[in-house]
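Labels A, B, C, D, E, F, G and H are assigned to the chains in the order they are written; within every chain, residues are numbered from 1.
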């Protein structure tokens, strides 16, 4: 717990609205509930105005449901990534308003409204196989409270397809470029657009694509400026960064 | 040359302010002068409101001076990265107002004013050895028209140093985090700040640091959200992305 | 068999308590029984005051049971790592007092008491997904005769969680830090604690985490001092080293 | 020595124009002279209609001159790659008509005319720093008897530069694309041109460019069809392949 | 869409055979139909005289069938790579004349005749296990309108097998060499044949073969000239390049 | 086909025992039968006094049986590696005397006797998990006509186990050392034995063992002399080399 | 600054010995002096009872001297690693009692006595070339206040050399094992000694040693228990960890 | 020190030719002299009938001379690898009969005769640049007491050159094959020769040769049998293994 939060609590102590004893208890108990296997940081969600996020991969449906139950008590929005449909069945039993985004592999539970700025995030992909990552990015960005423009399947091999959508891409405030194989789409978009670009290498490809390494290295060494890169297949991370930028 | 630029020229043709012949000539000659070894894209500089940039590494002083001479004719700002002092001696003969930023290894020539927004970019580094990359980032960001807060040598091994500067870091609109070795500073700052973070792995370290690979992988797989990454030692690229964001 | 052991036997020969013929037989037969596929080193277990250890991965239930049967004849404690529940069913038929630690994937058979020092080993993890490795470490450390403090899910993204548990961590004699992805938790704990730290990178993560390589490199190149590292996911090895230190 | 060559000699034996003894001698002595450190395959040069090629890197000026002396005796054309100017001084003493191509690092000695087809090879590069590799390719292709169109510095970051030269590129019979960093130029040209493309990754770049690995992987996994790849910086190899194709 | 295509349409506008409104519509609608998940570039197929190609790996049978349905409307030839027999069952429902090439894992639908040049492409493989890649190459090359000579299982370990087929290999206009493990076959064929060689490393092998990396590096660094390389297992890409060359 | 074989046939032609026409036919037809997917090199088997070898991994039972059928016609010994029991069922239908070596994953068919030299090959392994590779080596060596001494499970962690078997190991003419993880056994044996050592790294281990890479690098860089290395898990190759040496 | 330090200052505020204003100032100014390029953490040195440490590699002599000057004001002990003799000349001008340890590349300045426990740290090396790393470890350990036993050049290739020194090694409280190439010495010592072992891979070796990677992987995957590993060539880090353990 | 050596000494004790006290002293003092930085194992040299070997790389001339001085006292043969001519000047001062083998970078001092078997070792190389490694192998093999046949510069690109020398290669008892780049020569020789082959990858090449990695992987995964591999550029190691085999 860092200084500025301490100060807020102490100010309440000083102005008499909080006793020292209660302050100490709030220091200890407030920031998270203890589930044994995952500590929930409710503070953070509220502080950021963002949903609670569960990274579903490698967690059992039971573990996810435990976390969701604890989260629901705080009426926060919830975003669960990298889950299959069977987890959704269990989560819906806990929250009838849960929604499953199949291609994205995401479950969302919306309990609070988030203000949505008028500017948009463009999500641009090279090929059909990049769609799960693209939808992870798009659904996340929308759930974080952003307008999203999807421009899919405009890979470099048919470069005129990018030019056809250039107006929409240039109109966005931030651009997420998603591509596997050699990831050249990031460089091409970077050369055409004067907006911050978040590039997402995908594990699409075979052989020397080395599960996304080729696209990752290509995006990191792009000759175009204004590109920064997130982990392979990390649609969520790209959307999170893009949302921070779009909401500045 | 892409559709919307063609349209602008053609509109001038249509409304009679430009003859077809002149239009054709402008198509061919306008966008850049031909130096044989490097084509200059003057359009781009003007279009972006950004300086011309020369990546100095691997170019001879002669090649750099040829490019600078051509650029100077357009009264653009010029930024030359990764150069040693001897190149500066030659460039100063061409432009008496050229300035050498020694730690950054950057030469700047300022011919035009750029509007500077009130918000700032924080440049945070882990250790003393990261300073050349940090200065490349800071000098670039300033030259692109941004206020820069330098918070140097606050590595994770003495974590209270970060807390001491948390106010300044949180005050910035974008944060550039620069670290070598394991690059953990990016994760720690990412956990404390709700602003977009551009992480720069540096080649500082030895052995399993593998010339920056360790920091690069660490930053890409950070458990904190809101972090995107540029190439190893790429202070310029981080500043360029951060400037795009800061000026939105 | 090395010099000092030879001397002990020879001393018995010299003082007449052992005939030369018996000495030769003990040289040949004593150190281990021959099962064909695995030679058991009973000496070692007794010598070290440690249980016999079977690394279960890649062994059939039949092979494991053969080894256990031979071990049981010596009334040693037995620790079997990386096994699933079905192996446990077979082992329980041989030893009714066998116990299965599910999350750790460990079977233990306790036949001898081991002295437990008053100091403790802290096992600190970054996230929920690191729990199997953490439990492998914790269960092993306890079975080797150590008190263990579990501090789970205190990853760097919410750094105040570490500060909340700093007292317990600083109280331990040795600290095992377990983290996947970028493994930054090791550096942060290393900067806060003046105790020897054994860091365990885990294969948790995806993409550029490269099955634990990212965390491994990060921990090896940590800017904090006092950290040494074991193999990816090697909870057992960390506990073994920590136990050696805790019992000094 | 393979069957069809044996047959030619044996046919001469059979029709009486060559005695068996002389045939045996020709089998042994004809194909190459023995210099101790490098056996010269004169046959091959004549057979291929191509110059003798010396890969200069890692050879002393003395070794190169020994080889050149032996070659000159056969009045073949000679191409020496990857040499510095000081080697040229020595070679010119042996052959006054030797010529040094500085940027390419190539010495040529022309003693025979080679027929030049009317079609051309386009050599396209991304940036100024790729020029040594590009010139190695261009000079080699010209010396092998091809017309060469140089289109330099048309990298993806300013994609309109490629469009400006599309006519020349499409006019060529084979296209050599040379790029470092992420090597995206190969994909872009591959999407625009229906000709066989030989891509040459260069070691230009730093950090995650990993001395050309990034460009190599990117070119191998290009989403565009019709691209095949040679070794990093292998301008000679690209020109050799392109020449074989151009002369079909 | 690039300049020369714009000109053709505009010429029609200028000579009155096309109205401006229709021109605009053709700009927007002609180049491809929008299926939501994959945009089809019909222009390209017609322009190249080549079939539409679907890379089947990672696509559902449903996605493939949607694309095929759209393609069939244009009476183009269709080539679907990397599919299993169950996809074929679905595609045959759409096109009764579809054909499944089992070893190659390819479905073809032939609706247009393609001119076949008299020269041939030789497909040479090292071992039996390389056959799926070899058939992907051979079937693709034939479907693109080429004669193909298959010379299979002539690996370097029994080098006389290559000599037995040297006449056929030398007779081809282009040679595709396919090999896994160390990929030495490419070097051997390269030393014997004066034709352009497209080398395909395969993922055949184990251990230090690293899923094709060993063969890939070997082919890229071959001591023989005239060899260029495509991605691991990329039989399709090799055939596409070879076909471009064979049809020059 | 190489010179000395040509000479033998030609000598028969010269002394009249073979007509030229028959010679030509033997050139073409003799060396192998054509099965379409695998050419059999009967010559080689006879020439080497070795069995025909089929590498079973990645071949269907049908393909293996086709090859076996062709081989059986020549009454050669047959060795099939890397097969599961179901392939054995099919092969036994073709050859009732076929034998399955389960741990080795090898099928053998013995039709000819091979002379066995009095000296032996020692097969030394580090742990139980290395046994499949060890048995592949041992069974192969025996089938190639060698005596084999198996010394299993004498890993470095209990170094006295090696000393117990030093006599047998030193008695062998060649030593095959098989170890996974860090592969240190090769160095230790190499320091104790003055015989040629063939080291086989195995894929046993996890994490930083990287599927055998750790052991492979360790064996290649061993500080002990007299060690040469084969591919990861390549028990067959080690036995083949050892047999060549043992039979010198 | 973490909670327990805050409490100490606040306690002084509460008992009146410190005013709130001064407390705030101490929060800001106390923990370190600001040199611009390196912030010194004097607190840490005192807190740990350890010297200030400067990692000299990549720092200029001027930078090092600035830091030393600041440190000397606090009369702490100072340890500077990875420096050459010319830096020593400059440092000696600042501190006449500075001492240069040539093989270790270390400068020490001793101003305070540190208690030395009776137990020792054994530093064991494989070969002569590992001596610089070994001396870095030994000098560091001694300067941190430990007795050190040096057992050098006892590599695995002559394994009896280890047995000759087994008594000394077993007598130590912690063992540092330093080896390059395949690093097998760590496994051998680990199998013979029941003490915690810190293994240091060195960059000694060539080819497949890959600058220490081979030894690093070997030590991480050692079949012996009780071994933990630090970065390649990190003699300092090993000594620091060993000292923490030795002083428990 | 291992059992059989203990027995020899003890036998002398038992038959009275050696007192117990002297036996103990010989246990301690006999096996090596202590130079501080390198312990010499004289026993080993005598035991193996081999020269003392000094790996010169990374040792100062002074260190080498210290070792040589100690060795000369025992009248053993001495082999120093990887040294430059300046070391030779110093060594010649110690031993006037020392000889420098320039290309090999080897110094030899011959004091004892070694029996030379009538069979030979063939050293076969691909290219001129492999000569230093080849000479390291050849000089070492000769000094160890073997006849050596040098067959240099017979790379795969001109495969008839191998056939020209096949008789000599097949005549050898062991074959050392030395090649850089893709290392295909090992596979080709392996397919032609029924003798044990020691393959040496060299660091010759650039780009994707990755300093010998390409050749190393290629040789390890060779499709030919009977090949085992030593470290990159390890001519000494290959000769040592080959000599062990040749002398069996």
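Operating definition for what follows: a residue touches a chain if its C-beta (ideal position, glycine included) is under 8 Å from a C-beta of that chain, and two chains touch if they have at least 3 such contacts.
Remember, it's a predicted structure, so these values are computed and weren't measured experimentally.
Asker: State which chains count as neighbours of chain B and simultaneously of chain C.
Answerer: Expected: A, G.
Asker: For chain C and chain F, what is the smallest step count along a path of chains that touch one another?
Answerer: Graph distance in the chain contact network comes out at 1.
Asker: Could you figure out which pair among D-E, B-C or C-F mirrors the C-G interface, over half of its contact pairs being identical by residue number?
Answerer: D-E
Asker: Under the over-half criterion for shared residue numbers, do copies chain E and chain H use the same patch or different patches to meet?
Answerer: Same residues, largely: of all residue numbers at this interface, over half are found in both copies.
Asker: Greatest Cα-centroid separation from chain E: which chain?
Answerer: Farthest chain from chain E, going by C-alpha centroids: G.
Asker: Could you give the separation in Å between the centres of chain B and chain E, each centre being the mean of its C-alpha atoms?
Answerer: 42
Asker: Calculate how many whole Å lie between the centre of chain A and the centre of chain H, each centre taken as the average of the chain's C-alpha atoms.
Answerer: Distance between chain centres, rounded to whole Å: 59 Å.
Asker: Need the CA-centroid distance for the pair chain D / chain H, whole Å please.
Answerer: 38
Asker: Where does chain G touch two or more other chains at once, residue-wise?
Answerer: 2, 127, 158, 163, 192, 207-209, 216, 220-221, 225, 231-232
Asker: Using the touch definition from the top, list the residues of chain D that touch chain A in their complex.
Answerer: Touching chain A: residues 126-127, 155-159, 181-184, 187-188, 190-192, 205, 207-210, 213-225 of chain D.
Asker: Can you list the residues on chain G that touch chain C in the complex?
Answerer: My answer: residues 2-4, 47-48, 53, 163, 166-167, 173, 192, 194-198, 216, 220-221, 225-232, 236-238, 240-241, 244-245, 248.
Asker: Which residues of chain B touch chain D in the complex?
Answerer: 1-2, 5, 28, 31-32, 36-39, 41, 44, 57-59, 63, 201, 203, 211-212, 216, 231-234
Asker: Sort out for me which residues of chain G touch chain H in the complex.
Answerer: Touch residues, chain G against chain H: 127-129, 131, 152-154, 158, 160-161, 163-164, 204, 206-209.
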